[in-house]
Amino acid sequence: MSRHATPDRAAAVLLEGVHKFFGNYHALRGIDLTIAKGEVCVVIGPSGSGKSTLLRCINQIEQISAGRVRIGGTLQGYDERNGRLHELSPRAIDRQRRLTGMVFQRFNLFPHMTALGNVIEGPVQVKRIPKAEARRIGRDQLARVGLTDLEDRYPNQLSGGQQQRVAIARALAMEPEVMLFDEPTSALDPELVGEVLDVIKDLAASGMTMILVTHEIGFAREVGDRMVFMDHGTIVEEGQPKQMLAAPKSTRTQAFLSKVL
Amino acid sequence: MASGHDDAARDEGQKVRLNDVVPHRHPGRWVAVALLAVVVAQVAHGIIVNPNFHWDVFWQYLFAPTVMAGVGWTLMLTVIAMLVAIVCAVILVLMRDSENPILRTVSWLWIWFFRGTPLYTQLLFWGLFAVLFPRLSISVPFGPEIIGVPTDWVVTAGVAAILGLGLCESAYLAEIFRAGFRAIDRGQTEAAQAIGMSKGRIWWRILLPQALRTIIPPTGNETIGMLKGTALVLAVPFTLDLMFATNAISNRIYLPVPMLMVAAFWYLAITSVMMIGQYYLERHFGRGQDYVPTRHA
Amino acid sequence: QVFDRSGLEAVPELAERVPEKIAERGILVGGADNAYAPWEFLAGDDGQSPQGIDIDVGRAIAKTLGLEYESRTAAFPSILPALGSKYDIGLNAFSITNERMKVVNFVSYSDTQGLWVVRAGNPTGFDPADYCGAKVAIMSGTYYEKHLDLDNQACLDAGKPAIEKLPFSVQTEAITRVAAGGADATATGGGTAAYAVKQSGGRLENLEPVEPMGKRGLNGIAVAKDDMELTQLIADTLNHLIDNGVYAEIYEFWGVSHFLVDESVINPEVSN
Amino acid sequence: MASGHDDAARDEGQKVRLNDVVPHRHPGRWVAVALLAVVVAQVAHGIIVNPNFHWDVFWQYLFAPTVMAGVGWTLMLTVIAMLVAIVCAVILVLMRDSENPILRTVSWLWIWFFRGTPLYTQLLFWGLFAVLFPRLSISVPFGPEIIGVPTDWVVTAGVAAILGLGLCESAYLAEIFRAGFRAIDRGQTEAAQAIGMSKGRIWWRILLPQALRTIIPPTGNETIGMLKGTALVLAVPFTLDLMFATNAISNRIYLPVPMLMVAAFWYLAITSVMMIGQYYLERHFGRGQDYVPTRHA
Amino acid sequence: MSRHATPDRAAAVLLEGVHKFFGNYHALRGIDLTIAKGEVCVVIGPSGSGKSTLLRCINQIEQISAGRVRIGGTLQGYDERNGRLHELSPRAIDRQRRLTGMVFQRFNLFPHMTALGNVIEGPVQVKRIPKAEARRIGRDQLARVGLTDLEDRYPNQLSGGQQQRVAIARALAMEPEVMLFDEPTSALDPELVGEVLDVIKDLAASGMTMILVTHEIGFAREVGDRMVFMDHGTIVEEGQPKQMLAAPKSTRTQAFLSKVL
């Protein structure tokens, strides 16, 4: 993969006191989180605890209500001058978004493009890679997720599992600095989880920073460098996955894990 | 499990110091605004001071009884013809989705014909209908009549106007409806089938309310087009609508511009009311689906 | 403004020739667009009552035949196909031309002449004798448009600049264009042109035309081509009204006496 | 892993004995078809034998040079005005989604005004434009002129016709476009943002192609409406269009019905070509999204 | 629950030689399956093996190309007379569909209705239960899946997990004879899987017949009376879940399970 030669001066992802309100609803309640370069951070927690919202705030799909998000040391979405936050231009925000790749809970494939079309959209349109080369990259990515022969199918001609794999390939094709996965394996059948796991491990080895929301505890244990447990919009506990799973400190975490494991 | 979140949020909301953000500026937009303002002001000024507009005549006839009656008739024609059109369009859409190839073909031909020929010509034809076909009768095909009535008992000027406007419009609406239904994910039909809903009920309860979101704006267009289309009913001849009323006055007093302004005023007024109605309809059928963005870049 | 018809009486010899269909109904139905003042236009409280020269002529004819007259407002293209079914006659200041006589019978009743309308004081110096290069608004499809085309051809033949023609579908819009200064002049039937000047409150004035625009032309009442009987009856009735002076009184009442004809003729010979 | 399935299917397909199904019958539909056939046949018969239609005159003028020229001008007006309308509508939609409240208001006012007033009145106004505003000039607002040209050098009859048709249409199209974009799941925008696409590119590559599916049919309506709307350009006056050409002939020969049939024939012919184009456009933009049902109950 | 008093003459669900073609693509290749009344049948298999297609053929969303489907002894979709299949009227097909409830892989909630609206749509529109009573039933069903307070939210105001739970409540509210679940827990977080499991156990105890496509092997073992392994549109192996998981006969099953477990 690319770009991992940049000096590792700061944390890859840094969240300071991030809050998010949806109207009156307080979805994130002061999130502090530091993720080092190359680290794989696994986020677990009950439904509605704000895991998806957290990822969406990191890649600026949602605008945060309070706090700071930094990627590679750079403040996201704003320019801080004289103690005030100046909103960046849309163009600058788009540029910042390219550093993060995201795989959604509900695939969100582009229905009017084939599998390959979905994968090469980013490289061609954003990175301006020539089409022929992009196709080559795209085919590689599709092969990686086990979809070699389906590149010409449209999303609605694919099974759920096949669709989610295309979505992963699409995000990988952009070779981002940080990958955000929102339950990437939830629609995959168990046989294929292993393959994706291998892909993610590859990525980790190449220096890719990742934040991964998942309900697959076994998977989390294997791939995660760190584990974060969220509930009611706050980080209740964080630590090394094996330790945390074996001996959770918070009673809330204990209760959650007792049901899950 | 999500209970109590909302109250807690409000309590805690007081304590969170929200980010103090200076929004991104777009100076180009303000230049555009300034330019537009100048152009609008100059045009408005030109219109108000120009003697050709005869604003005195405008005010004199704005609420004239014949004009007000014209507004009433125009509204009535619009509403009734639109209802006819909607009913026909629904039937056309259902026919077009039918398994029966002949019904599909008829639906297609209907849409083709009524979209393809000018409304004025159609209205003229409806006006001449009683001349071309003096009796409406149920008969052995091409054989003797069984029962019949003189056509002009049935197809009066009002009926001809409504038929002409309504049938033509139905073809346009059918296209709009078809597009609206196309936009709905087929998972919706499947989920409804799975709970045993009949085709008709799925259509009415599941697909239509969702389709209306995309159907309403172009149908609003069509309704407004219909409103203006009523001016053509002179071809029937139906001579009570707004445009006819103002034209009759301007033919008498020889001042068409202020009378056109009177007509335009009322059309604009009716359109405004319709647009307000459209807004509420859209909001109603958009509930649960329209995205209220929380980031506004 | 309605001509007083109280002195009119039915003439039995003519009345008994009324076709049964019309006699049964008791009404002579005329078709007209009723948008050509002062010949016919809509007025009254309801804005739906036709008035004008043609209306009064129609009423006089009907009264003489022991009938009532009703002028039904209709779009021009829908009048002609319905002659003989929906409408008994077409009474709409129709100009008689040879081409038109191929499809309808005409009974001549007015001998009209065009008139120019220009802004008061003729600020552009419009000269009816030579208006090559001028901007002229005209109602399309009229007799006067045809004459304008002839004048234009003459200009071109003489190597002069072409007339700039602005055709409108309604006469009022042509007049407005002149009043607004968007055209130098417009030509239309004398009655209408005079009426427009009267309505303008001193903002317009009339100019006398010269040939060919100034050429007189017959107007006729249209009757279905296959109904010679009714055509003859209308002509005879008109000639009766000419003889007893009612016809002249009507034209006098409307101030258009110079458009009277001496005799009503069926399908007269015309030059165009 | 799914490789080879398709070939295997074909091989094995030979061996499977497919269900021999008798489809469900719908006798009511066939009654409807029979009734329709009778009505259509009687109307068609009535039209063909009716002397009012003067089919000889129809054939005589169908390909008359002025009529053919009218067809050409009408087509040209339609195409150019539609292009103007599309460009304006796109700008209007973008303005309406803008953060700038004044641009939003202007967009709203534009749509309100141009939808609300009759096209004929607008065209008349454009025709009078050069009279009302004799010079187009850049000047100090309400002050001295800096540079200017006589309006009628710029706003000729053709330009006035196109502006009148195009600007009015833009308001209708803007509504249609807005509806089309509304129907798209917001997840699409989010997925595109996540791969770093700019707002404009998302709009062009992701949203527009999907929106076109629902935009095309009502836009087809509007294009056809525009085709017919060109008949109103006489208000400008612009006098080369098809309707003017046929009207001019019928004023001369006093046979309006066959001339209206000539016009209707050409409108219908052009509409037919447009509908074919629409079919292919729809198919193109529906790819991957239109559901091809495998059960047809 | 209801209706389990009907005499148990025949198998609840019976498939005989069912084939399904999508154009040339042969998605189901001769499925034979008998499910007894009250039985819980778990379907596992790799992505694209035809599991969803199988369920869709059972409740007649897809028309089968060959074979027979019977529910409670009644042939589905057709009337067999003189050796030919006569297609039933749409109305009769709708009536047959009411006997099966389905929970989809991709929720398919009605976006224009609230959570409660989604749940009561079937009871009110199809069963013609009075609205007030339907609301009561609907609230019970929502409570059962842990969504008591969210009945007035629209689907797009709910997290993925919350949406899937509403979809389950919607199917349950129709009290069908046979429930078809297409990966019902794939978007649920682990904590809630337990709750749904309890609901499904309740259903089984009350005599409900169920077919359940799932990738949760632990869950399948616990709840399933029988297990079916599908691959390439065929049933490769079926048996008692515990036995099958412990000692799969087919090599294909062995390979699949070795990756999954």
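Residue numbering begins at 1 within each chain, and the chains themselves are lettered A, B, C, D and E in the order written.
Just so we're on the same page, contacts are C-beta pairs under 8 Å (C-beta built on N, C-alpha and C of every residue); 3 or more make two chains touch, one makes a residue touch a chain.
All values derive from a computational prediction rather than experimental measurement.
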Inset, instruction - Give the chains in contact with both chain C and chain D, ordered by label. - result: B
Legend entry - Centroid comparison with chain A (C-alpha atoms), farthest chain: C
Inset, instruction - With contacts defined as at the top, give the pair, A-D or D-E, that has more of them. - result: A-D
Legend entry - Chain centre separation in whole Å, for chain E relative to chain C (CA means): 81
Legend entry - Separation of mean Cα positions, chain C and chain A [Å, integer]: 82
Inset, instruction - Can you check how far apart chain B and chain C are, centre to centre, with Cα atoms defining each centre and the answer in Å? - result: 40
Legend entry - Distance from chain D to chain B - Cα centre to Cα centre, in angstrom: 15
Legend entry - Multi-chain contact residues (two or more partners), chain E: 46-48, 60-61, 90, 106, 162
Inset, instruction - Please set out, as single numbers or ranges, the residues of chain B touching at least two other chains. - result: 1-2, 23, 52, 124, 128, 131, 199, 256-257, 291, 296-297
Legend entry - Residues of chain C whose C-beta touches two or more other chains: 77-78, 81, 173, 176, 180
Legend entry - All chain pairs that touch each other: A-B, A-D, A-E, B-C, B-D, B-E, C-D, D-E
Inset, instruction - Name, in rising order, each residue of chain C that touches chain D in their complex. - result: 76-78, 80-81, 97, 99-100, 102-104, 140-142, 166-169, 173, 176-177, 180-182
Legend entry - Residues on chain B engaged by chain A in the complex (per definition of touch): 1-2, 5-6, 8-10, 12-13, 16-24, 294-297
Inset, instruction - Would you pull the chain B residues touching chain C in the complex into a rising list? - result: 52, 64-66, 69, 124, 127-128, 130-131, 134, 234-237, 239-240, 245, 247-257
Legend entry - Residue ranges of chain D touching chain B (in the complex, touch as defined): 23, 26, 29-30, 32-33, 36, 38, 41-43, 45-47, 50, 52, 98-100, 102-103, 106, 112-113, 115-121, 124, 128, 131-133, 141-142, 172, 175-176, 178-180, 182-183, 186, 199, 213-218, 220-222, 224-225, 228, 231, 243, 257, 260, 263-264, 267-268, 271-272, 275, 286, 290-291, 296-297
Legend entry - Touch list for chain A against partner chain B, complex: 19, 21-22, 24-26, 29-30, 46-48, 60-67, 78, 84-90, 93, 232
